[in-house]
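Note that the chains are named A, B and C in the order they appear, and that numbering of residues resets to 1 at the start of each chain.
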């Protein structure tokens, strides 16, 4: 018995005995039994089962309703699931029970190429990227790059079809350890690094990139709806884009 | 012989308190120390005041009885019996001067200590098992809600990856472009298309919308627009169509020229390209 | 701090209804979060973990105390187990809940005694266990205890033969509802009587049992192979030990 008393968490050091009596009188014992049963149950319990377990004469339905009301404002609610009763984490606290797990991913070759073209040739439209790459760019590639947070929609080109223009973000600079976009190596440096070898055709050039946030003369601002339209799965994308953009 | 897993009941049945050492069931004991403790309990005194001498006698009597019944005794019971017989003799014969090793009294004390310690740990084991236990007396949540992991991709690429992708891509594309024939929309082609398209449009329509089908290929875009615009101007000059644009870079609208020279019905006079010419 | 004071069980019997309303309104959001976290968890959570999951600036300890006081008169209590926190059904409701509990396999007397020796004398070697019990310990007994996940191999004693030392696990504390090893029943009496001393001449020092994961001076770490060698069915054992230690 002493062991049992020890087990009980000390409610409040002062006058706990007298206290306990008062409160237990105020709250019917069946609510204690009910909450213990529902807490420990490994599956939702129906009223018949609860009635069977509780002492005779308990109005199970009334007790359930009282308990439900008591727990309604709490972090754990008493809910009815398919006619049975169970404690569940309050709906608005679902976020507490999810944990972000970082999943390392590598960019595909196509995505790397597209990213590089956006970096060097920004502001650049999808059609222009395709022109440079010589192959069409799948929507998925652009979506992945948007997900990385390394590219961003800059505006729209003042041209027929008003295509969206892409540029790099600050997160891009941060990830690749660049102080500014002009730190991207130019033609001579690429050659020096052995990345561009052999005879290059005359007139071959590598642009001097600029990620100036101000729109160019041939660009116009995005409209409010543009962000939603252009992107892939909305919820996830916005979240991860937000993470990337958070750096700015 | 040590019979560790023997139920406790067997031991209790073995030695009724009133008939010590007469019923011999060595199977019930967990070793000589357990037997000694059981015998000691029969002295019904505090273990601190126990008579080791009396205890040794009882133990030896128990072993003697077991032997008479031809029970097989584990070696450790016999070792204990020999040790107790030695202790008994040392206790009975007064010590003469300095002797080697611990004194008989120390040995007796040590034995009493071990008995007390065994008894105490048994009491502790009982107290422990008397506690409320998880899953028997008190319970954890029956339906825990596990934390779900939300995968968040973390992209990685090195600057080297990026640059080498760019360099090799540019080289590849260049090699291809050099041999590709230049794609051009001739003025004649543009005019033929426009005549067909505008011919059906009575109202203002956007030029670029007319041409959407022809600019799917990115490389064609510039030439399509350039040739079409030139063709438009030519057709305006010839009086076949009208064209207007609200401001620079605004969409260009075209429509078939109405046969009469009446002003346009939509209230505002469009700036016509024809006037500009 | 005001929140904590408010949370304390109503000090007097006056107007408990009105009180209740006031309390629900004043109940800080962190108590909702805390109860949701603790209800949802399958293992006791320590304060560091809770702090990590709760919004910044929450006084976790104060909130825990408030929650403990709130739940003290209920059928479900907030208790401290192994230095961590968990909701458990109230001890006095065993009669209600144990009705359809499948009684787990009972430990033999030898196993229980061995468990007690390990708990009260830890860290302890097999030879020391045998010295106390006055009988040799079968490998089966140790294996059964390892299988429960209540004992664990701690290290090796720096002594001839380098015997393995045993101690109890968190699962042991959780199972017996102990906050720490110093809450073992009767521990003070045993210590006072000098019965926890290893050597025979009593009175030198009074060692207290310790399940501190840090090794003692006379212990050294296990080698990688030790775990496999000493144990029975390895997969199961590790799993059940993992259940206890999982939340660390």
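Here, a contact is a pair of C-beta atoms (placed from the backbone, for glycine too) under 8 Å apart; a residue touches a chain by one contact, two chains touch by 3 or more.
Just so we're clear, the structure is a prediction, and the values are computed from it rather than from any experiment.
J.: Compute per-chain Cα centres, compare each with the mean of all protein Cα atoms, and return the closest chain.
T.: Centroid comparison flags B as closest.
J.: Considering only mean CA positions as chain centres, point out the chain farthest from subunit A.
T.: Ranked by distance of C-alpha centres from subunit A, the top chain is C.
J.: Which integer distance in Å separates the CA centroid of subunit A from that of subunit B?
T.: Computed from C-alpha means, the inter-chain centre distance equals 19 Å.
J.: Provide the C-alpha centroid distance between subunit B and subunit C, rounded to the nearest whole angstrom.
T.: For subunit B versus subunit C, the centre distance works out to 23 Å.
J.: I'd like to verify one number: the distance from the centre of subunit A to the centre of subunit C, where each centre is the average of its C-alpha atoms, in whole angstrom.
T.: Taking the mean C-alpha position of each chain, the two centres sit 36 Å apart.
J.: Please list all residues of subunit B that touch 2 or more other chains.
T.: 127, 130-132, 138-141, 145-147
J.: Hunt down the residues of subunit A that sit against at least two other chains at once, touch-wise.
T.: 3-4, 7, 36, 39-40, 87, 89, 97
J.: Touching subunit B in the complex: which residues of subunit C?
T.: So the residues of subunit C in touch with subunit B come to 39-42, 86-91, 93-94, 97-98, 101, 103-104, 108-110, 112-113, 115-117, 119-120, 132-138, 141, 174-178, 184-187, 189-190, 193, 195, 200, 202.
J.: Residue numbers of subunit B touching subunit A in their complex, please.
T.: 127, 130-132, 138-143, 145-159, 161-174, 176-178, 208, 211-212, 215, 218-219, 221, 225, 249, 251
J.: Which residues, counting only subunit A, touch subunit C once they are in their complex?
T.: That would be residues 3-4, 6-12, 14, 19-20, 22-24, 26-27, 31-37, 39-40, 53, 73-76, 87, 89-90, 93, 96-97 of subunit A.
J.: Which residues, counting only subunit B, touch subunit C once they are in their complex?
T.: 2, 4-8, 30-34, 36, 76, 110, 113-114, 116-118, 120-125, 127-141, 144-147
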